[in-house]
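These are the structures, in structure tokens.
Paired with subunit B in one complex and with subunit C in the other, subunit A is shared by the two complexes that follow.
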Partner chain A sequence: MNLFFFLMSILYGILKFLHINFVPFVYDGYPIGLWIAYAIVAVVEVVLVFALSMIAVVIIVYVFRKYMADVQNRIGPNRVGIWGTLQLIADVFKLIQKQDLIPSNADSFGFKIAPYIVFTPVAIGFILIPFGNVSILNLMVTNFNYTVLFLIGVMIVAPLGEIIGGLSSNNKFSLYGALRSAAQDMGYEVPMIISLVSVIILAGSYSADGIVYAQRHIPFIVPEFIGFIVFFLAMIAKQSVPPFDLPESGSELVSGFSTEYSGMRYGIFYMANFGFMALASFVIAVLYLGGWEGPIFPGTIWLVIKGAVFIMIFLLTWVSLGRVRVDQFLNMGWKYLLPLSIINLLISSGLALYLGGVF
Partner chain B sequence: MTDSQKVPGPLEGLPGIIKGMWTVFIEGFKPKVTKQVPEEKLEYTARTTGRVFLNVETCIGCTLCEQICPNGTIKMVDMSYQKKEEFEKKYPNKRHIYPSVDVSICTHCNLCEEICPTGAITLEQEVEEVHFERKSTRYTPLELGKRENEISQEAKQ
Partner chain C sequence: MARILFHLILQRGIDMEDKVIEVNFGPQHPSTHGVLRIKVKLDGEIIVDAQPVIGYLHRNAEKLSEMGSYPKATIYMDRLDYVSALNMELGYVLTVEKLMDAQVPERALWIRMMLVELNRIASHLIWLGTHGLDMGMLTPFFYCFRERERILRIFDEISGSRLLYNYFAIGGVYSDITPKSISMIKEFVDDYEKKLEEIQSIFAKSYIYVKRTKDVGKLSMEDSISYGVTGPILRASGKKWDLRKNQPYLFYDKVNFDVPTRQEGDVYARFLVRIEEMRQSVKIVRQVLDKIPDGEFYNKKFSKPMLVRLKATGESYIPTESPKGEFGVYVIGDGSTIPYRVRIRSPSFANLSSVPAMLKGYKIADLTATVSSIDPVFGEVDR
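Coming up: the complex of A and B.
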């Protein structure tokens, strides 16, 4: 069964209930005459996944604040709702009430559009994750043959928003933050894509469900452990959280590229940051830990478990490690991660050549 | 670049990184030090000094506390108060003047307690002082003898 057809059947039932008769044209198993129904169902699916991603953001922010409090022997948010679970909702309402402040000499258009450029890739990325076993229950909004390429292409857009926001703020700290963001992108994106290419070579497929299906016997973290490390570090750098929070650099630049942002514009940056943490953990789980593959439980639960493990590792590195310098990060990216990812590419090419039947 | 300035490479720093992350991980299971005031009461150390307390029975009206007070917190006020028999004979207050204290400017410097010849003035561990008007922060001599929760809310407002 497919999520698409599940929602289509619900819509069909509603139309029957309202005595709206229609004659669908069936071609190749698809009722193509119902393009309005298709459009409605597609919108419903996208809204559903977007709502789920926002719920994930709320949960991650709560867990982050509680975990950081635990590590620092504090209690954390505990006043709003039971155990402080509604703290982020209260924060969002506070941010919405704030004045919409734009610096007088800022580039208004760039300043306004930058948070959306950062946030949109996160929302798009969630519709490309296979949340369940594709052959049994297709919990995937869009499924085409080049999912992973499209996912990476979408994710690379996000730092562009940081650069635009920093450049158009007319503030020296924002400018430094934007330039550091650009430098950081140079450092990690090439190793990240090369390690992704080795996954694609090993799986023999560009699609997310094909990559998961290739890991049904052995997850890719075993043959490609080097690539996993490279991709993991790149994902930390992609979120720009400590130890790789060079674009923000709270102690050096005031708040980096988001110095001049306040109110809900800053809130969008904040939600995009945590939303990308969820997306990155799901992507790593799909690419290296076999996604929804696992015994006993349904596939969705396995994906959530694997993602939660990575979220906790991200949070642990966040609260425990100090920030690296720009030159240290670029040294790491070009001198260490790039050769490692190329070595990994050679290893996976050899495995695909001689053990291709296994995967 | 000299040897002392040499930055360790990624693999040299790896044991330190793992050790630091492990320390932080262990720290997450330790008990919390935050107290939820006002639901939980704070524990005060022995040296904590709070509001000035006055024993009206033993005050002899010598004005030494008013003289030693560095910022005019203590002002002597006239008050006719009939002491008990045993205190009237031993600690007579012939001028009928007693100290009053403005708790909003008191620095808890402890000088009045040290100079008091009869031990009438003490600084107790009473720190929760809530007032709704500025004029209510000056305590009369009789109010100085009571705890915060014994002083009626009408007197504060």
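Coming up: the complex of A and C.
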């Protein structure tokens, strides 16, 4: 049973109990009270998930700063709040106060809309993650049969925002950042989707909870190790963090597509980056590590633990590796990741054909 | 969405006929090490042409040196290559001493040699850290600065300042080294090589770093000689030319050290040469600590009241091996208390002239790698 319908029926019951009855009004065969409950629950859940993703961003940024400082023999944020925990909040307030600066010759519509195009997929992505189930209750905001396909469709939109932002900034460095972002998408998206398809074939389901259910005996990282590596690298490229931070590439193209951005518009890019890190870790945990499956602890805790492991791996690569060159990245994408993902597709097709019952 | 994109492309006008875009890297750019400006013509990601433009940090050091007495010019030398200020002072002080036929006590010469080598390590550490930043590696920067900090503390103990020392005087050094500073140097020398091994492994064991620097920014030996390139870049191109060996000054002929060379002439070769140079510097410092004699640290004839009245006639030039390459000051004295002409031969200036030859045909990402491998310091380029 879905969390959504669970909350909705409770609310509908309360409305019934309070005799708030809209019996005369019937739409599409259901009483209007049901529709009002539907709308209220939808809004509440969206706000909840958005808050959840924001909390995840705050936590990850704090962990990132402290961890990076630790690796680099520094102390890190330690002034705002206890042990500097409120540093990001302070930063956000600082950014909001700043002047909203739009370059004079920039395309202001494209310039303004770009950060939201980058950020929205992160917020949408979180509603598709299955956070485990409490007895019959599925902690998932929305659950339909094609969750994973929809998730990938949503995630692919994000680089479009980078491209629009870069093109409309009227700056040559931004232009190069935008074009690099486009080139990078070409490099990793095809292998990413093919390795996702092999997960779908092996699980025999398009939905996230179906994929998790298929991993109740063996997590997919075992039969699909090649696909896992491909997907993991694609996810690093997707977040554009080092070593694959080509669209931003701090030292070459001043700040890439976000060169002209400042204030909260830049802040939105920044938060989208870290939000995506959380989303990517959860997606990998769901697809390859069996999502909420695990002994003793409740499912949600297992998912968070698995996601946190991947977040720490992302941060480790961030602080320890240099940046690859554009042609090296494209070589990697087309010459290695694509053939590997196709091999993985063949392997998982064979497994699904002959050992289909196991999964 | 596609409509927005097409609209933007058409409106913003990327002229597809003229494929070459001219981009200014610098003077305000995070990876140009100061105020270098490179006019780059780009065909997509490929560099068609690159022209360095300099002069944004011109401070008239040569002319200012000709306006005061001989000892006063030392502080302008400090501010040339500010990350290895003692090397700059040394070049000037040696020349002026030759001009004045000054006798310098042996102890002062040994002290100079030791400190210059320590300063060479500090300079190379700055280079290594910023080079890492240019390659997208954030972490080694802090390790390099941690080690450099120890050297700066030693200098602080000896000369009283951390960056611009004004410590080498005509006829010696301004103050003697203290026992505490000697123990600090010993402590540093003892475990520096281990730390260097650690820092080197961050780079050399990183597949990404090696892949990005091998066969990048190549400069052949003939080219580097014809551009007047000196220092680690020349040695990375295969020419075994180190002024400390070839034209020894101070007591470099009395210590035992190697001149590292590589044949490849690319960025990775320069990295290896500089790392090895740091090891050799440690070796030299260790030998100096054993050999340093007791005695005077300055020539009484050049004691402070006399300094402003020093006169010189003639001309002289002593080339020295600074961390960046051949550094020397050409001084003409006309018999008065102020130098008639001071001309600075700065290594980074000559090295930077090889940028167009190094960059043509490479990618944008190689630009930062190559420029940082030159290790330009703009105080010295613009003078």
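In this text, the second predicted complex is superposed on the first by the 326 of 359 C-alpha atoms of A that agree within 3 Å, B and C clash if a C-alpha of one lies under 4 Å from a C-alpha of the other, contacts with A are read in each partner's own complex, and residues count from 1 in each chain.
Just so it is clear, a residue touches a chain if its C-beta (ideal position, glycine included) is under 8 Å from a C-beta of that chain, and two chains touch if they have at least 3 such contacts.
Just so it is clear, the model here is predicted, and its values are computed rather than measured.
Chemist: Looking at the overlay, what does A:262 touch: subunit B (first), subunit C (second), both, or neither?
Modeler: neither
Chemist: Looking at the overlay, does A:120 come into contact with subunit B only (first), subunit C only (second), both, or neither?
Modeler: Once the two structures are laid over each other on A, A:120 reaches no partner at all.
Chemist: Quick check on the superposed pair: does A:110 touch subunit B, subunit C, both, or neither? Answer first, second, both or neither.
Modeler: second
Chemist: Contacts for A:73 in the overlay, against subunit B (first) and subunit C (second): which applies, first, second, both or neither?
Modeler: Touch partners of A:73: subunit B and subunit C.
Chemist: Contact-wise, after the overlay, does A:245 reach subunit B, subunit C, both or neither (first, second, both, neither)?
Modeler: Second partner only, subunit C.
Chemist: So which one touches more of the residues on subunit A, subunit B or subunit C?
Modeler: Touching more of subunit A: C.
Chemist: Determine, under the contact definition given at the top, whether A:173 touches first (subunit B), second (subunit C), both, or neither.
Modeler: second
Chemist: Taking the superposition as given, does A:85 touch the first partner, subunit B, the second, subunit C, both, or neither?
Modeler: After superposition on chain A, A:85 lies in contact with neither partner.
Chemist: If we overlay the two complexes on their shared chain A, which of subunit B and subunit C does A:349 touch? Say first, second, both or neither.
Modeler: neither
Chemist: So in the superposed three-chain picture, is A:320 touching just subunit B, just subunit C, both, or none of them (first/second/both/neither)?
Modeler: After superposition on chain A, A:320 lies in contact with both partners, subunit B and subunit C.
Chemist: With the touch criterion stated at the top, can you tell me which subunit A residues are shared between the subunit B interface and the subunit C interface?
Modeler: Residues 71-74, 319-321, 328, which sit in both footprints.
Chemist: Which residues of subunit C touch subunit A once you look at their complex with the stated criterion?
Modeler: 1, 4-5, 8-9, 11-12, 14, 21, 23, 29-31, 45, 132-139, 141-143, 146, 202, 206, 208-209, 211-212, 363-368
Chemist: With touch defined as at the start, can you tell me which subunit B residues reach subunit A in the complex?
Modeler: 7, 10, 17, 20-21, 23-25, 27-34, 36
Chemist: In their shared complex, at which residues does subunit A touch subunit C?
Modeler: Residue list for subunit A touching subunit C: 68, 71-74, 107, 109-110, 160, 163-164, 167-168, 170, 172-173, 175-176, 242-243, 245, 249-254, 319-328.
Chemist: Using the touch definition up top, name the residues of subunit A that touch subunit B in the complex.
Modeler: Interface residues on the subunit A side: 67, 70-75, 78, 316-317, 319-321, 328, 332, 336.
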